[in-house]
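In the two complexes below, chain A is the common chain; its partner is chain B in one and chain C in the other.
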Partner chain A sequence: MSGVNAFRGPWTIAVYTWREGLRKKTLIGFLILSLLVIFGSNFMGSFLNQSTVGSEELDVNLKLVKDICVSTISIFGVLITIFISAAAVPNETENKVIYSILSKPISRLQYLLGKFIGIQFIVIINLALMGLLFFMALWFQQGTLPTLLLWSILLTYFEFLIVSAFTFAISCAATSSVLPTIGGFFIYLTGNLTEYLNDVKIRSGESEEFLDVIIGQTASVLSSILPNLQNFSLKQDILNLQLNDPPSDMQFTRLLIYGVTYAVSGFIIAVWVFRRREL
Partner chain B sequence: MSVVIKAEGLSKIYESAMGGQDVHALTDLNLEVQSGEILAYLGPNGSGKTTTIKMLLGLIFPTSGSIEILGSKNPTSPAIKKEIGYLPEGAYYPDFLKGEEILKYYGQLYGLSGKDLKMRIDKVIDQVGMQHARKRLLRGYSKGMRQRIGLAQALISDPKILILDEPTTGLDPIARKEIRDIILNLREEGKTLMISSHELLEVELISDRISILFEGVQQTMGTITELLNERELSIEIKAVSDDVLKALAEKGLKAEDQVGERINLRANPSLTTYDAMEICKASNVTIIGVAPRRETLEELFVRVVGGALEAKRS
Partner chain C sequence: MKKMPNITLGILLVITLALGSFIGNNLQHLRESEAFYRWLYSAGTNARLFESTSASNQYDDANLYKAFGAVAADQLQNVDWDKVEGLAGPDAFASFGTTPLAELTPEQQVTILTDIPEMDALLWDIARGPGQAENRTSFLDGARESRLEFAKGIKYADAQAGGVNVFNLFFGFRQVAATLLWIKVDTLWHQGNDHAMNPLMKTCVVLDPQFVDAYLLGAWHLAFNVTAKMPATPQPSLVWNEDWQACVGEKETLYYVAADFLKDGIRNNPRNYKLYFDLGYGIYSLKLSDYPNAIRYLEEAVRKPHERWVPRMLYNSYEANDDYAKAIQGWEGYMARFPEDAQSVIDTAPRSIKRNRARHYTQLADDAYNAAQAATDPATEQAKSEEANTYLAQATQIWEEMGDDPVALAQLKKFEAQGMARNGDYMLAITKLDLARWDYPADAFFIEASDLIIDYKILAGMPLSISEKKAQLRNAGGEGCRGKPEPESA
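Take a look at the complex of A and B:
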């Protein structure tokens, strides 16, 4: 296979996946809802206690807007990521489209690469639209460019990339999108609780009870395997810092490498699972 | 004529995950498809037809046995896949694309682009008679039109081999005829076709050879003329009394059915046309017509599969 063809196939599949994904009613619904919440959050301030005055009121309003918007992007973004990553391969298996694709000169690796890149296009576009609206809202309210938000959006994407890769890996073994969807939520939730798992590990080490030791070891294994998704959150910075400040205490490159490493691991698992799968 | 698809001792066993019985989807299949022929691959539901096709395409993996396509032992290599067009049974094609966009997508997967791709799209759209609907969204297509676009995507790379899984199932008689004509044209162009189907009448009209499977085991394989070799004679006579019919039956001419004043007799295979006519003449029966009657594919199918079923039960 020539080098050009090796990339053209995945690229063709990626573009098609992206075009198809943008027509999914669930995703469009989530996106519209999130945009409405972000847009509506700008008017929430008028419902607050009117006794607060001046800059204090403005500060409370702004914090509220920021809190709602960051949470909305996080919640709706991960919903879109999980649903699209969980469904891309099982849907094509179910409606037999995969048969006509894999009977062409396309390897399973190329197929998965194309699907995964297509999913990332969708995630990025959704995140960019939500981020853009949030960015505009803050810019109009504050009058300064909220550059911190751009860092936050970028890191949020890497968080979604990890969730997407592992959800995608599960979907490559599944016959429907239900199991990978549940798996995706599990990864997202436990990935955000990794620090608590460390706590559990430390506390259980203080006891010598059999059950505590087992729980401690399980927590230890999980915390060392699962990605710590909290690393990618700039929520506290966005809420408390000036929005044109640089992120505090941020080892940006390390985080990107961390995110990409986990995403590549997820994709390798997907390829390994799918290579001998009977379709 | 060279062999383009060859399967030797091909078996597929689906192992039970929970300690139940393994499923033998295909057992020791030996199959050869010759260049330029239409091979009909027949069998009841669950007999292993789609399993065989999926193994040929590398969608599932054989438990044992070997596959050779166009002389290559690696049928999933890109060079071999380029020479195979596949129409899956009941495949879905996205509604939001136009007919020619679907073909563009599949053409790109073959590495086609630019003028070559455009030329191939024009050609296959013409071949399947979809020129009028090429710019329409698939959601406005009838079932027959979708099937024709499916056929077009299988043809987009101008493959040497076409594997069609149930190409006419669920289509109305006109659409079936259209697909049949396309298939015959493809044979004229020198393509090799392997067709899995339940539509025995269609298959009988177009295939050169047939293979019948039952429960994963090949029951018979050969040319239509080899397999449908039990020639009988059908004689149409004017209605006669029951006594005369009884006398005719004793001499080897059995009444099959009666329509108004006409009765159809079926002659015993041992009788020649001359013998049959002599018997009628001796019994003062008025002959309206005499026609040789060949066993239909449907009858052969029922005989073969029925026989296998009987053997299994006993």
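Take a look at the complex of A and C:
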């Protein structure tokens, strides 16, 4: 029974966070904008006058839809993820709601878990809406059910999960949502540029100067520890599968575990930060 | 919350980060292996199809490819080579001679495997296996230092080069950048700005090497549209090109640039039949009339998953290359494979088979007639002449059976003219051919009839027109051009 109670609190907070998130005008704005772009991608083909080579039909229009939709989902999806993850806790601190929640018989861990789950609900709902429209656009264009898109969307979610968890961790230390929002963008950018660290590591070995060696070793450690969001580039590749592509299922399962593992890391940092806050 | 002290959280954090790092390394290994595997296909396809045209001394691809083969030798011993031969078909390995596949060098065996889709899983296992760790490292070093020609365009390999390269510049959105750039290419085309298109098309495929339509459209623009209104370069002004091993003018240069563009596409997308088809049929057959190469790439196209019209174009190329037996065999096989393809089975295929049979008999008749001419004893001459007449009668019968088919009617007129010429009635023969070439103005027949007219005029001692003199000079000059090396004497 206590187990059920332990989850009732977080669940209530998650549902409340989700409802509150759906009322945010910024997020609805992003969502509408992304849906418009995905819908509009179907008409991008009208800019192309050339759709055949001789009598041979080309798939440029289909490629246009795929590329634009995947990028739109990535860009707007990550914006929604960062904004909602950055604002969930600081907003409640600002409007003092957090004090009345934490005065209830609910632990800080339960509160954070509820908030984090609520954020994930919002991200999933937004992603599902964008994905549904993309799915229909592809179905309309290619005439067959684009099942690979579902896997692509799933991978996109796990990429966002990492960004969301670390942004959430920053937000737990912040009193306003500005800093975590900037932090979220920074996480997304650095996560995509982690491969630069390998370059730094290799180039630092070119001289034997002390500072160079230190920089190289730091880059080496960071490149091992930091999440590499470029690993998720498979989300775009599987939509344009070529006949001689290596099997993607091996990467796929690892990517899901990778996403969950770093999300847990981010959440642990959030818990560690939040438990030290004086509220 | 107090029940969970810092140390517990710290341990949990270290564990999750360590697990993340472990999976991250695993993923990095898979991505490195994938890039290596893609390079392997690119290098293998190059070795199989374009080795003679690749001037890649400055690159290390060949050494790394050899090293891959050497390490993979043990695993290749377990391959069922009879099965491989069965999967690819008997003509697939003609370039390796008659040596049994199991006795080829490991490097050659890898080259063969890159052509067989059923062997992809094996090559993937070898490429990511521990045995190839050293070669994978060499591959990444080579990609980083831009020493590998065929690593260019592989996303992960590009990313290793560091600095501000196209991979990083577009921050993972290379494909959408390529697509948007393509819209600009399309606009330029419709503005008639042909010369601005070429660099943009190449940028498109650098950004997205799997953008097959960009290769197809780009090559088509270069070979067909840009050259459409260009005047042909006269034979004396053609210049020898060492890379293409051909005499080229302005038009021909663009044809070969288009061919190279498609070859890049094939290296990056070795399983896409459309690229082979456009290279073989669009460029080599239609534009360069290089039928042996057209057949080579069309045979590659039909070994990949393809549309039905691809083999039909292959059989037409066999016919253009005077390989009538293969064309007939191909069309008969096609009818058996696709009995539901009414248009082809009822109309195209039977007509093509008849046409090829008639041409085959004509070819045999010509051979027999030449043998009769060359014969020194009257008995052989008589026998060969009779043989020639028999073949000619068979060919005539087939052409007659074909009714109002313009090719058949043109050939019958040609036979009549040839008969007249044999009887010494050159004037009549020339008149007949002159009428026929305008009545049935197919390119091939027009040239054939015009050449015969020139021959008969010379035999009859009649003066040639200016255009005929030009044609005669052109034919006499053969394939010569400025800068072409003289053939080495034996």
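Odds and ends about this structure:
Here is the rule we go by: the second predicted complex is superposed on the first by the 245 of 279 C-alpha atoms of A that agree within 3 Å, B and C clash if a C-alpha of one lies under 4 Å from a C-alpha of the other, contacts with A are read in each partner's own complex, and residues count from 1 in each chain.
Following the convention adopted for this analysis, a contact is a pair of C-beta atoms (placed from the backbone, for glycine too) under 8 Å apart; a residue touches a chain by one contact, two chains touch by 3 or more.
Owing to the predicted nature of the structure, the values given are computational and were not obtained by experimental measurement.
More residues of chain A are in touch with C than with the other of chain B and chain C. Looking at the shared chain after the overlay, A:Glu20 reaches chain B, while chain C stays out of its contact range. In the superposition on chain A, contact of A:Lys104 is made with chain B only, not with chain C. Once the two complexes are laid over each other on the shared chain, residue contacts for A:Gly9 go to chain B alone; chain C is not touched.
In the superposition on chain A, A:Arg203 makes contact with chain C only, while chain B stays out of contact range.
Chain A uses residues 107 to touch chain B in one structure and chain C in the other. On the chain A side of its complex with chain C, the touching residues are 44, 47-50, 53-54, 56, 58-60, 63-64, 67-68, 70-71, 74, 107-109, 192-193, 195-196, 198-199, 202-203, 224-225, 227-228, 230-231, 233, 236, 240, 242-244, 246-247, 250-251, 254-255, 257-258, 261-262, 264-265, 268-269, 271-272, 275. For chain B in complex with chain A, the touching residues are 54, 57-61, 78-79, 81-82, 84, 86-94, 96, 105-106, 108-111, 113, 150, 153-154, 157.
Against chain B, in their complex, chain A makes its touches with residues 1-2, 4-5, 8-9, 12-13, 16, 19-20, 23, 95-97, 99-107, 276, 278-279. Note for the complex: chain C touches chain A at residues 1, 4, 6, 9-10, 12-13, 16-17, 19-21, 23-28, 30-31, 33-34, 37, 41, 117, 120-121, 124, 128, 144, 155, 159-160, 162-163, 168, 171-173, 175-176, 178-179, 182-183, 186-187, 189-190, 210-211, 213, 216-217, 220, 269-272, 274, 278, 282, 304-305.
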